[in-house]
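One structure is given below, represented as structure tokens, and several questions about it will come after.
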Amino acid sequence: MNNKHVAVIGGGIAGMEAASVLARQGLKVTLIEKQANTGGKLNDWDHLFPDFSSPEVLVNSLATKTKDSGVNTVYNTEISRIERAGKRFELRANQDARFYADAVLVASGFNVFDATIKEEYGYGLFGNVITSVDFEKRMKKHGQLHTIQGTDPKRVAIIHCVGSRDAKVGNTYCSKVCCITGIKQAIEISEMLPDCEVFCFYMDLRLYGSKFDSLYLQAQKRHKIQFIRGRLSEAAERADKSIQIKAEDTLQGRPLRMTVDMVILLVGMEPGASTSQLIQKNQMTVDENGFLKSANVHCARNQSTQEGIFMAGTAICPMAVNETIENARSATTEIIHFFENRRP
Amino acid sequence: MNEPDMETKTKIRWSEYNKEIANDKFFYLRSCIRQNFNPGAEKVFLSILQNKLGKEVYDDPHHTTCSGIGYHSDIVPFETFQTMVARQFSLMTERGYKNCAVSCITSFGGYNEVLSTWKEFPEELEKTRENLLKATGRTFEIPENLSHACDIIYKFRKEIAAQAPYRLINKETGEPLKIVDHIGCHYAKIFPEKGVGGSEYSRVLTGMIEAWGGEAVDYPERRHCCGFGFRHYLIKNNRSYSISASRKKFESMQPYQPDMILTNCPGCNMFLDRWQYALAQIEGKVYGGKNGIPVLSHEELAALVLGYDPWKDIGLQMHQMDVEPLLDKIGVEYDPKLKFTGVKGQYINEPEFTGCLARTD
Amino acid sequence: MNDLSFLKPASRQIDFDNFDDRLLLYVLQYEPSFFTCISCGGCTATCSAGNLTNFNVRKIGLWLRRGETEKLSEEIQKCMFCGKCTLVCPRDINIRNVILLIKKRIAMLKNENSPA
Amino acid sequence: MEKLIILPFSIGFIYLLGILGFRFVKWISGLSRLDKLRLIHSLKTRRFFDSLQEVFMEGLLHRKIFLKNPVLGYMHMSLAFGWFLLIVVGHFEVMVSRQSLIAPIYLPVFFRYFETGHSFPLAGIFSFLMDLLLLFVLSGVALAMLKRFKKQLFGMKKTTRLKTGDRIALLSLWMIFPLRLLAEGMSAGLYGNGSFLTSTLGHIFGNLNSETANLSLWTAYSCSLGFFFAALPNSRYMHIPTEILLIFVRNAGVKLKKRNNTYTNIQVFSCSRCGLCLDNCQLSAAGINNTQSVYILKNIRNHNLSDEQLFNCLLCGKCEVDCPVGINTIDLRITQRIESTRQYNSSYEYLEDGPAPKADTVYFAGCMTHLTPGIIASMKKLFQLAGENVWFMDEEKAPCCGRPLMLAGQYEAASKLIANNTRKIIGSGAKRLVVSCPICYKVFKEDYELANVEVVFHAEYILNLIRQQIITLKKGADRIIYHDPCELGRGMGMFEPPREVLRATGKVISIKNEKQMAHCCGGSLGNLKISQPERSLLRNQAVEDYLQYRPDVLATACPMCKKTFSRHPGLKVQDISETVVQALQSKVQPKAVIKKAKSNVLEAELI
């Protein structure tokens, strides 16, 4: 079994975890990462929910695990084509490098929703409208949150469901992790700027995980964060760069207007650009949301519709960090199982 | 086709919305409201096109209302509306014109609606052809290009700027005039791709302002409806809805102290002008300017910049809000005494007072 | 001059930039648990007064949060103080105390602007 | 010249009399006309002697404190009764020595100073008695000093802090009798007019005895008396004179009204801030230590009473039971709540006045019982078995009984509800009103005028069913602890009926904290400020106590107590009605059906 070679596409936490586990099982593993370093989206993340832990620690531990287990990692290589070559697969990358593998694990992750598509929210037009990803980047880089005028915001609005559950942008699914991220960021803001009013505009608060609801209670009780049930309709910049936002307080059934210093859009997860690239060229199919389609949503979630090609992590559907790592591990068992009962 | 020339800060997403505007040989379709409330505007629009831009535009005396007011007030059924529009087009084909120049925003919306209905449902086109034939014995061709008057002014704004003796600059301070714009809803909100710059950040008026030296001020309620909406003002007890909408806009633009409001729709022009007076009477509050913010349409502003006479040519005395402060800022020569003297020099009467509140000085 | 008052320009928009939060701040100061209200309506459902007329405890909380003081001072008079709302609240908010504080603040405000 | 020594004493004494006179007159004149008549009338009747007897038993002997805490009792008794005897015997001594009934009031105080001789008849006996009494009082003073520093010895967990006024009065009080001892010792040494105590002290002084020392000691004694009298009016010792007045006024039948009047002042100034009401107040278990009655009385006196304190009290009545002076702490607090909420207005126009169906018995479950449907189900079953024509008045909709409004001090608003309910109950022509909630029971019993309708608590009703064998119960082996609801036990004095009912179904265990001293479950509607976590601390305190007795069932007779206790994990809580229905023998056939409540409120109006 140990002369089998697995190619793992995508060096995010799913890819790294799967690669290291497979390698430790004695398989030859090549990890192909399109960027200069592994870690994927977590590299520019500041704190993780629900325990505000540091993603750097997680990425470093995964990186060392991958290195120690003898995984051959290839950087700056983006796979554009998977061809079936007999019983094996031929992977063609951008600089027409070639990789041959007995099984392929697609862990190409997700794309952050491009908030400029929601033009009426003014992302890309108004300096003080940022996304949750921008927020994490800024906090990681400067450790503080300033308006573009350089002042401390006195009032911040956090908008839920931007690019998710929205037919207008073609993503009708729920990205699952934005609600709790919003609450986490709201708490971070109010801890950093105690006299800053924070409002969360939501349709439904989907706090599915353990400790999520207690974080919500803590946000309300200790940090005085106000939750308004109503979807943001439009944002407009005022002369002093503050943003006037309009929504409906649906619990009262009345429109509401408010001027805030900053707007944070909780952008959802979209199917990764690379998966779409892989899809056009060969037979991998996608589900109605554009994520990779599992052979069976219950018992073969990591198997794609193509025998020998597997998937892990947010390439399948929106997932939190802990779910992604678990999903990666379940993918490795599928692969090992696949090798075992395949007669040479 | 003119290349997209985006000068101002809004830089993205507009490439898809840059519509095609015809170059010459326009068939003018008048606006019921504009020719009744500001007749000068239409006269001066034709004069600009013919005399200043050397374009050929034909004002056919036989064309009628597009019946948009009736259609939007649920009095005129859609079929009749299509036949009326078809009749206008048949007049055009008779005269051999292919490009429409529409004066009214509502009819512009209506024509677009009819044209796209015909494109989507060809059987509607056939039915309209039969109706028109039955009713008037006329046939018609679908025009090649449908542009609104403001599109045309926008397209030739540079040529107008070149010939313009005045600039939208405050004579004393040298500062560009702060001008807020209001785009008629039916211009780009029904068919975003039919408006210059789409529905969110429409460029058609801001383009003119900046071309003529002014500063286009973006205020939060810029996209809010002016409240004109036929159903809202036709019936008396709906009018509070109409005035409340305007009020929200005035509240929002007040902090910017705009020198004037630029509109492209006759209805918005009239209501943003009159409702300032009504609000002042009810609430005693003036939202800007000495005694109200002057409201001009795109033709009037173009004519003003080109040096037409404010009273005799453009007919600005029809406005409720005083335009004199604006004229003084730009430095336009005008004779205050001639404001209410008719073409033959006779006194044509005047309202009890102009502006928002009766002057006590 | 013709009377234009029939026009009645108005706006139903809640303006967060300036709303009367004197009642809200007072209540939040003495009953911070009110912050955690998620408007689930459990209180309205069990309310004895709400059983007899269209009195809505949840709306009281919302009006408080949006500074609707006039409507609040009328509506609050219907409460019978039976305390069932406090017994069912999933967030353990002492709603009966919130009602008491509202009435207290209304009385204080009435005294402030008409001390005679 | 030596007359000067009486000066500080007399100034202080006259000042005290002046203040007390002024206050007493003000208070008495402030009473309502009816109360004044009651007072005057009571002086002429046996009640006068009852009051005197109570003054003696409570004012001097402090019987109530003795029952609760003998050491504390002795301390108070020795001080109060001892001083009283000193004055009385002193006067006799003077009268005998002067052979005249009248003598200057200062003389008994300084007798040993002026009466240097020892020649009048019975002088020896008198001086012996005086020394004995002085020793008696001194023992009290010593105990008082000890208590102030080591209060645990007296079994008191907490005591109150001393305000400045108190501190001066306390120090001067402590100084009086030691100085008297020294002064009399000096005089005995000089003139030999002392007895066993003072003369021995005289010998000890030996050559220190001198006229000047004698004079200075007696002046110091006089000054300490003067200071004490001067400091008394605005110190905790104001309770000494005021309590006497309180006893007379209370025995005259004067009650606290629904608004502050001078009787409130009498009660407030009768508080000696002894702190006995602190120990049993359960709120301290929840870390609340500034709302107990002693602090409220102090705030009322200083006019700085805040709502946060006033409404943060369970109104469980334990402090009223503990108060040695017998202050009506509950009614006093409710009167302050009425004053504080006087400006709140409520309007209940929406209450409708539909025709009430005819019935023999009306059952009013009450708001809380709707949240414990088990009780309603059991009561319906019992009514069925009893074959009563029962109108379940508030099955679908009815106003609250009004008691929670009263607990929040809004009596005027509550009266509107009371009027509406009364009309319906009387309108139904029922003979009996059964209630299953003590909170309702108290208001129906005390504040409703229901003409000939008899208000029956469901415990009594069930007891009656058992006694008349309308229902027969199987006595199980369950160990049952009965929790006395505050409003039923201390509130209405009903302890036995629920227990008797329970004895018919299982073994009722008697526990230390029951009846008058029962715990409060913590769910009280009386407290509007306490938070839910704090309530659970109170509940836990009660449950931990009950669990020591390893009960199978915790029975109670109040929906609120049941609701509160049922939040505790792993505790079987039942209302007595549920226990009874559980223990029913199934042979009895139900006779009549309970009439559906006709509601004529338009359904549409409610949507």
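Each chain carries a letter (A, B, C and D) given by its place in the written order, and its residues are counted from 1.
Keep in mind that, in the parts below, contacts are C-beta pairs under 8 Å (C-beta built on N, C-alpha and C of every residue); 3 or more make two chains touch, one makes a residue touch a chain.
No experiment lies behind these values; they were computed from the predicted model shown.
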{"item": "Chain occupying the most central position, where position means C-alpha average", "value": "C"}
{"item": "Longest centre-to-centre distance from chain D, chain (CA-based)", "value": "B"}
{"item": "Geometric centre distance via CA averages, chain C-chain A, whole Å", "value": "41"}
{"item": "Intercentroid distance (Cα basis), chain D paired with chain A, Å", "value": "66"}
{"item": "Intercentroid distance (Cα basis), chain C paired with chain B, Å", "value": "47"}
{"item": "Residues of chain C whose C-beta touches two or more other chains", "value": "13, 33"}
{"item": "Pairs of chains satisfying the touch condition", "value": "A-B, A-C, B-C, C-D"}
{"item": "Chain B residues touching chain A - in the complex, by the definition given at the top", "value": "9-10, 12-13, 200-201, 218-223, 252, 255-256"}
{"item": "In the complex with chain B, residue positions of chain A that touch it", "value": "116, 119-120, 124-125, 234, 236-239, 244"}
{"item": "Sites on chain A touched by chain C in the complex", "value": "217, 220-221, 224, 226-227, 229, 246, 249, 251-252, 254-259"}
{"item": "Residue ranges of chain B in contact with chain C within the complex", "value": "236-237, 239-240, 243-244, 247-248, 278-279, 281-283"}
{"item": "Chain C residues touching chain A - in the complex, by the definition given at the top", "value": "12-17, 28, 32-33, 35-36, 38-39, 58-59, 62-63, 65-66, 91"}
